[in-house]
Amino acid sequence: MTDIATQQPTAPVTRRRPPRRWTAALAEFVRVDIKATVVGLVVGAVAWQLLALVINANWLPTFDTIVRRVGDLLGDGKFRKELLDSVGSMMIGFALAVAVGLAVGMAMGLSRLARYAFNIYVDVLLFIPPVVVTPVFFAIFGLSNSAVLAVIFIFAAPIIASTTKAALLNVDHDLVDAAASFGANRVQKALLVVFRAALPMIFTGLHLGIGRAVKGMIIGQLILAVVGIGAYEARFEQAFDSAGLWSIAVIVVIVAIVFSWLVHFADRLVNAWAYVGGERK
Amino acid sequence: MSYSVGQSRRVARGGGRVGHVVVRVAAPSIVLVVVCLLWNWYVHSKKSFYLADAGAIFRAFIKELGDGAVWHALWTSDISLLIGFGIAVAVGVPIGLVIGRVQRIDRLVAPYLQIALVTPIAVLMPIVLVALGLSRTAQVVVVVLFALPFVVVPTRGGVVTISRDWLDMSAAYGAREFQLWRMVLIPGALHAIVNGLRLGFAHALTGEITVELSLIAIGIGQLIIRYQSHYQAAALFAFVLLISVQSIVAMGLLSLVQRKVRR
Amino acid sequence: MNPTAKPAAGARLGARGHIDVDGVTKRFVAARGRGSQDVVALRDTSFQVRRGEFVSVVGPSGCGKTTLLRMIAGLSPIETGRILIDDRPITGPGPDRAVVFQHPSLLPWATVVDNIAFGLRLRRVPKSTRVTRAHELAALVGLTGFENHLPGQLSGGMQQRVGLARALAVDPQILLLDEPFGALDEITRRQMQDELLRIWSGTGVTSLLITHSVDEAILLSDRILVMSGRPGRVIEEISVGMSRPRERGMETTQEFVELRHRIWELLSAPVGVATNADE
C-alpha cells in the first residue's frame, strides 16, 4: 500500500538481467526511485515560494528563508548533536523493534501455537493508535530518553511482527512441496525455502516499520518536549518562530525519506530476484 | 488441482477439534496472565507513585465507566476527531479518485504522496498552532493533516489498479465518462476506498491523541494531565485502556465494513 | 509401518512391480460448515508399474490423479490401502523418486543451475560436483546459455525444462510427472513432449505421467491407465503396443487413431452417480 511505485498499472515485462552487483542495484535505484522524487521536489519548492509571497503570513515563510534557516541550524553544532542523538535513538528503537518484531512474527508464521498465543495481541496493537500508550511509558520510564525509545519501539514493532507473520504464511505452498519431494527436512524447508521466499514481504514490513519509527521518534519527543528535536520544536513554538519550525520539519522529512530509501535500497539488494522485469511482484 | 493440496494439508494436520479450541483460548490467556503477573511484580518492586498494579487498574477502569467527567473528556476530543476525519474523507476521496484517473496529475503528485506517507505529520503540529492558536480549529486541522494522505493514497491505488480490460470493455460498449465512473471506476475502487477510510481513521486517531497529549489539551489530554499531577496512576492507566478500547471498537467496526465490501 | 512387505505381496500380482498401488482409497474431510460432505477422491485403486516402464494416467478433472501421484511421492499420507516401492511401503518422500510439478515451482531467487542442483544440495553433494552435474543437465534439456538466468526471466516452457532437469539431477529410480505440460501452450507442449521422449529413451527411468491429454499419453507411454470421474478408480488398463523410438507422425497411423478413439469412449462413458459432484 505504501509504495506508490508498486501500484503502476502495467509494468512492461522486459527480459533483462537482474541487477545483481550492488553498483548495478544502486544505479537502478537512483534511476527509478530518486529521479522522480527530485523532480517533484523542485517543482514543489517553486510553488511554495510563490504561494508564500502571495499569502504573506507569519506561519508560511518563503522557501528561501527556510533554506537559509536549515543551513543555519545544520551549521549549529548543538543542533547537530541533538539531531544525531535523535536519529541515534530512532535507530536503536527501530533495531529493537526489528529484533522483537521478526522473532515474534517468525514464531507466529512457523508455529500454530505461537500464532494462537500472540495473534490477538499483535492485532490489538495494530488497532490502537500507538501514541495512546505514551503516558504509560512516561509513568514507567519517567521523562527520559528510554521513554522515547519505548515509544519508537511500540510504533514500529507490531507492524513488523504482523507483516513477517503474513509473509511466512503467504509463501507459495508449491515451493515447499517441491522441496519436500526432494527430501528437505523441516529446518531446510524453513530456512532454504520459506524464509527466503518471504523476504520481499518481510522487507515491506521493515519499510513500514522505519516510517513508523521516525513518527514515533518525533511524537515521543514532542510530547516529552525536553530532549532532542522535540526540545527545539517546543522552544521555536513558544517564540512563534515559524521559519525555525518549518526548517525542523524539512530536516525531519529529509531524515524520514533517507531512511525509507535506505530500507528500500537494502530490499533491492537482498531481493534482486523479485525485481526481475521491472517492479517488484 | 490446488484445492486438493489444501484439503490434504487439512487432513494431514487433523487432530481433535475440541483440543484445538482449548489451545486457541488457553494460549492467549496464558500470555495475558503471565504479562499481568510480570507487571504486578514489577510495580510492587518499584513502589512508584506513577505505577499501579493490574488489579487496581481494572477496578479504576470499572469505576471510570460510570464517571461522567471521563466520558465528557472523551467526547470533547472525539468531536475534533469526527469533524477532522469527515473533512479528510470528503476532500481525500475525490482527490484520490481524480489523481487515479488522470495520469498527468498522478505523475506530478506521486512523489509528494510518497513523501506524505513517510513524513511524521506531528512535526507540522507546532506550525498549525502558530497559525491558528490553541483552538479547536487547530485540533481539527491536525486531524485532517494526519488522515488525508492515508485516505488519498489507497483511493488512488484502487482506481489505478482497476483492470485495463474493464475499461476497454466499457469503451467497447460506448460508456461515457460519467457512466464509467458510476459503473466501473467507483465500484471497482470501493474496497480500496473503504481501506483508505480505515487507515485514515487510524491516523486521525493518532493525530487527535498526539495533539491532545502534546500541545492542545482540551479533552483527553486535560484529563490525563490531571491524573498525572494528582498521582492517580490507576486512573491514568485505566483511562488509557478506555481510549484503547474505544479505538479497538471503532477500528473493528471499520474492518467489518471492509470485509462486507470485499465480498 | 506395514509388516506384510514380503515378496509374496508382489507374487500375488504376477510380475513384481517397481511401484505397487494396492487398494488405495482417499477421502477428503469436508471443511467445517456449509453442509458439505466428505469427498471420496479415490476408491479402491490398484495397479502396478514395472521397472523401466512409462505409464500414463488419464482421467477427468477431480478423479484423484494428482492425489495418487502425491501419495506415491510421499507428499500426502496414505490412509486406506498401501503403496509399495520395490516391495517397501512408502513413509515419505525419498531419494529414489523425483517429481516434476505442473507449476514448475522453481525457487525464484535461484539461478537455473542452482535450481537444477537444489535436490543435490539437500543431499549434501559437494558444490563443485553438483554444479558440474547441473550444467550437464541444463545442456541435456536444451538450456545451454541460460545457466545463470533466474526463473522469472524464462518462458513457461523453459521453466518446465528446469523442473525436468532438477528431477533428473538426483538420478531418481522413479520419475513422477504431474501434468508437467498442462499449463503450456500447444506448440511448446509438443516440443516438450518430443524432448521428454528423447531424454526418457536415454535414461529408461520408471515413469508415471499424470495427464489430461489422450494424445500425450499415447505418444509417450507403454501403458495407459484410464480413470473414471469422482470417485476415481482405474477402469481400464491399455497397453500401447507401438514400437519405440516413437516420433511425430505416428498420430496419423491407424493404430494411434483407434487407441485414441477407444480411450475417448471410456472417458466419455457415464460413470455412476457421483460424476456431477462439485467440479
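Order as written gives the chain letters A, B and C; numbering starts at 1 within each chain.
Note that in this section contacts are C-beta pairs under 8 Å (C-beta built on N, C-alpha and C of every residue); 3 or more make two chains touch, one makes a residue touch a chain.
Remember, predicted model here, so these are calculated numbers, not experimental data.
K.L.:
Centre to centre, using CA atoms, which chain is the farthest one from chain C?
P.N.:
Relative to chain C, the chain with the farthest C-alpha centre is B.
K.L.:
Taking each chain's centre as the mean of its C-alpha atoms, which one lies nearest the mean of all protein C-alpha atoms here?
P.N.:
Going by the distance between chain centres and the overall C-alpha centre, it is A.
K.L.:
Please compute the C-alpha centroid of chain B, do the same for chain C, then give the distance between them in whole Å.
P.N.:
Between these chains, centre-to-centre, one finds 50 Å.
K.L.:
Using mean C-alpha positions as chain centres, tell me how far chain A is from chain B in Å, no decimals.
P.N.:
The separation of the two C-alpha centroids amounts to 18 Å.
K.L.:
Just give me the whole-number Å value for how far the CA centre of chain A lies from that of chain C.
P.N.:
Taking the mean C-alpha position of each chain, the two centres sit 47 Å apart.
K.L.:
Enumerate the residues of chain A that touch no fewer than two other chains.
P.N.:
In chain A, 174, 177 touch at least two other chains.
K.L.:
Using the touch definition from the top, which residues of chain B touch two or more other chains?
P.N.:
5
K.L.:
Quick check: what residues of chain C touch more than one other chain, meaning two or more?
P.N.:
As it turns out, chain C has no residue touching two or more other chains.
K.L.:
Can you check the complex and tell me which residues of chain A touch chain B?
P.N.:
Counting only chain A, the residues touching chain B are 1-5, 7-10, 36-37, 39-41, 43-44, 57-60, 113, 116-121, 124, 127-136, 138-140, 142, 173-174, 177, 211, 214-215, 217-219, 222-223, 225, 233-234, 236-237, 240, 242, 245-246, 248-249, 252-253, 256-257, 260.
K.L.:
Would you pull the chain C residues touching chain A in the complex into a rising list?
P.N.:
Going through chain C, the ones touching chain A are 73-75, 93-95, 97-99, 101, 103, 105-110, 118-119, 122-123, 149-150, 152-153, 166, 170.
K.L.:
Write out the stretch or stretches of chain B touching chain A in their complex.
P.N.:
Those in contact with chain A are residues 5, 9, 23-24, 27-28, 30-31, 48, 50-51, 108-115, 117-127, 129-131, 153-154, 156-157, 160-161, 164, 195, 199, 202-203, 205-206, 209-210, 213-215, 224, 228, 233, 236-237, 240, 243-244, 247-248, 251-252.
K.L.:
Looking at the complex, which residues from chain A come into contact with chain C?
P.N.:
These residues of chain A touch chain C: 15-18, 172, 174-175, 177-184, 188, 192-193, 196-197, 271, 273-274, 276-277, 281.
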